[in-house]
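Think of it as A, B, C, D, E and F in the order they're written, each chain with its own count starting at 1.
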């Protein structure tokens, strides 16, 4: 039952990304990381939240939700309002904003909806990866529509989960790993290799500084690999 | 811009159905009717609503919701609680129950979630068609798991929308037709050709008995075609 | 216990309508259809919903709710937000709007509240009948107040329920009929005899085209009778 | 426009009470105090709130709400949850319980719903008067049904509003009085003449002990008159 | 266990008031009445509710809530929305407004939040006493900030609870008294000795006019003592 | 106005902790970190959430909320349900559970409510520190009451915030620091010096691995100092 028999500790699950998955929104990206599937759609609106009106600045926000059939135990629709979903939505939103020049957007709002089609661990980091691409495509559309003069995207943003299972540091936890993990950590990095978010939580045993370092190293490996895919898709 | 130039009045849009679209629920069916895409997942739970406890009877229910990026105007997540969504959820649930022997289920509940991935008209009838297949597959799984002795499915159920645009009766309205329609009608029929639901609404001009008859004829044509697809998939 | 012993299959329950039942709103109509009692009050406001502002057009909407003591099992007050109530509210609103020239109203909104005082079957169709009269009276008041130049009412609208009980098609179901019905159908027609809404639902057994036709015939008989009463009251 | 021209300071508006107004609940009483109309229906349930289970004691509660068309400015349905409605519901409930032997009820709950059909001042005190009669009738029914051995009603309860308008103490304020009142006071008394609730509020100017005494005297006059009507109806 | 052994029937619990308890709001007052502790903070905003906009008048409102750990049975946070809390919030707001010239405020709103840190009876009257001081301090600050030309405070307002326990009229009920009380009464008076609110409720036995008078006398004694403290603090 | 003029980059604000601040709950701790003030009360209930029933295990949970007057801009009471508050509540709950043996509790639930009396930065870490002490005291009480055989507390837990302001790594951010920070980080450690939570967020510029290390060093310094205080209080 051990993970190590199937995949090396520093190996990612297969990643597949489809741009333009649906047609209704200017950004629409489906990502598969192993059996985890997330659809990110980016909608552009010609308005900003009240507290930004008349500041000339735009806004980027995200909403994360699990679809009812995404898990083998049915997920209630109102769960998108629960603490976990809100927390993940906030994480995705902050990650996106960290690489966007909001002032260059004008008074425009982009909402990136991240709906988990199938959940097998690492949904929030998969969501960040797809959301950034959907956001990128939405800005590309906005440029074509002359809503903006230049793309407000400053850099790439990429995320991966790592953790400690049975004392071993592992990259890209699937659900089986996640349940067994004593430490769960999500890392978000820019294309230049700087950190945007580090969220490490001891679900079971607390962890040492040395373990934290090893986890950050592993995260860097995974982020590098996903980032290559993102770059290719953006380069078109 | 007229519909007639692209598709005959009695012609369906291309229909494509994928069984087993996701892996987490025993039933998972993706349907595409033209650009309309709906994912139906059927979750089985070993309990029934309070009012059915200790009756020996099961329950089948449905929830319909549009995904935020399914339309070119972003759909708010809380809209699944709105009147329109609740009304459609009830229609789907009733349609499914009309062909299920609830007593043969035992005290088991199946919830079929119908999430609109992309909306281009006819989402509720597409949902009925996919939901019935997902329900069928969920019961097949329950049989294998020995949760039931025999399948409680009594018949097929199939739905299609029809309407009147510029005085002409049309089969399978897409969004452009829908907006222009003076009358909008949804028809649900069993495999034996009996009616389960007839919902005709004059959005603009009221309509005559003759027009109602013509619309029912058209609905029969469409339902026949979708039914063949459903039968093939069930036959495996 | 059979219905046939008390009332013929094509016979209505006694109908009684009181105009000006209360004094606070310009329209206030109490309708009794057998033991079913509904109070419809029409309130006029000098504003329209946001999406109609600056269009010059008015709006007519309805809210349906059962009073807590209207049934022998107490109805919770928050049930007006439930799926069934919302669905019926929408049906009443559409029916009223089908015979109103919204543009002729100016930016005025009429809300017709339909509160079920006592429920014995057919509450939604009783509500439509009373609501139309309350709306008519509200517009008459608005004309007197010079809020409008001409009445925006284009035609009468009348509704009745029909259904199939023990294989027999019946007009104007009371609660005992309703519980026993295999098919339940609501029909809304204009004064000119055109259809506005046809909502037929198989609660138990599905039904044939022939049965649908017979039900529409019966509905026509009932609507004719109620329409005469409405016309008399409007003629004053 | 002064009140004094129409009605003496110590004169009540005409009071009319109809027992058995509707048929679905064992208690159903309509009260008219001038133009104020309230319908009180008492529903009996064979259960008690959780905190009373297994205590052998029953419960009496009340819910007060204004109907949407009861005022010349439309009342939103969700207002029954607002502070004012909750406060009045609590007042009515306490008043009823003050004259009921809850232990003699057994584990039974009576909910008295007080719906304001038309509001012209004094709705909460009108509601108390009707609610007590509806409760009385519900207990009479419960006795007949052998749910209880003896009536748990210990005494009558009656209420009236008084207030100070332009420095003058007035009995039974209508809406016009109410708006002009500097002090508004509701008094609830038992048949034996003891006080159950005294709620005096200075909406404008504070008031003296002498004015409080005068208001209590006036309330006694009104309660005496309404109490005679209640006694007659109970005596049958 | 009798109260009388510890404290005379007409004796208050020790009262202690701290002005400027916290620093974030212009008014912040902590009151201790025996073991009952309430923190009142007054926030000033440069806006008024919609219905007061463009009237030139200000508004004073209050919100009362028990903190989760204020009682030996944990209080749920959403209870601030319950009927009891709303009712008390309304009482505090009315009491404050009865001694404020709203027109002299300009279009400014003061919200006084009364959070019960520890509940041992008499929380609502303790809240009134602290709230008035916090409001006073908020206005003093507003004067310094030149938001107002003169203080809109017309008089002092002070409150105390009284009640009947075992047939004896008592001043300033603590929780043990409160539970045993057959009558519970809250009295709010101005500095000039006029009544603002009298709320007497028979929780158990109804009460006579003589008892009401005795309770009002007791309330006067307590209010006099608290008023002296308030005056001293205001005098600085 | 720079921070460095008042306090060294590695200096904490003065910390003051009061045990037994209120009397109603078995744990009640007030903490002041500079001007930040948080009250943590721990309530013990003889029940567990549904999903733990019949497992023999207990539960520890936390709720965090800002009091309305805790900030110079009034905080709405319903904000305790917002994403930020839920996220912080979850962080506190996880931190506490990381040092508690839930199985040793028996089927008992402790809820630690953390109410921010005054907010000047670092409220969530102050809350963790006080919450752990309140939890400790609640377990001490439960031991005395013979609800448990031995204390389920395995270790101490302590938290502090750090961040980067103008490129400089700072310990224990106050509000002014927080607003100016490009990186904000919260660290939770056990008494043995192991990590429980590391949450680093780039609000502005992303950060390097070296900066992360420097921040962790600073956090260790602060946690050491607070831990000494916690240990002293627990030692009594």
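Keep in mind that, in the parts below, contacts are C-beta pairs under 8 Å (C-beta built on N, C-alpha and C of every residue); 3 or more make two chains touch, one makes a residue touch a chain.
Everything quoted here is computed from the prediction, not taken from an experiment.
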Farthest chain from subunit A by C-alpha centroid distance is chain D
Taking each chain's centre as the mean of its CA atoms, which one is most distant from subunit C? F
Expressed in whole Å, how far the mean CA point of subunit B lies from that of subunit D is 51
I'd like to verify one number: the distance from the centre of subunit D to the centre of subunit E, where each centre is the average of its C-alpha atoms, in whole angstrom. 28
Think of each chain as a node with edges to the chains it touches; is that a line, ring, star, complete or other? ring
Using the touch rule from the top, order the ring's chains starting at subunit A and going via subunit F. A, F, E, D, C, B
Under the touch definition given earlier, write down the residues of subunit F that touch subunit E in their complex. 22-25, 28, 35, 37, 39, 41-43, 45, 63, 65, 67-74, 77, 80, 111, 113, 115, 117-119
So in the complex, which bits of subunit F are touching subunit A? 82-84, 86-87, 89-90, 94, 98, 189-190, 192, 194-203, 205-209, 212, 216
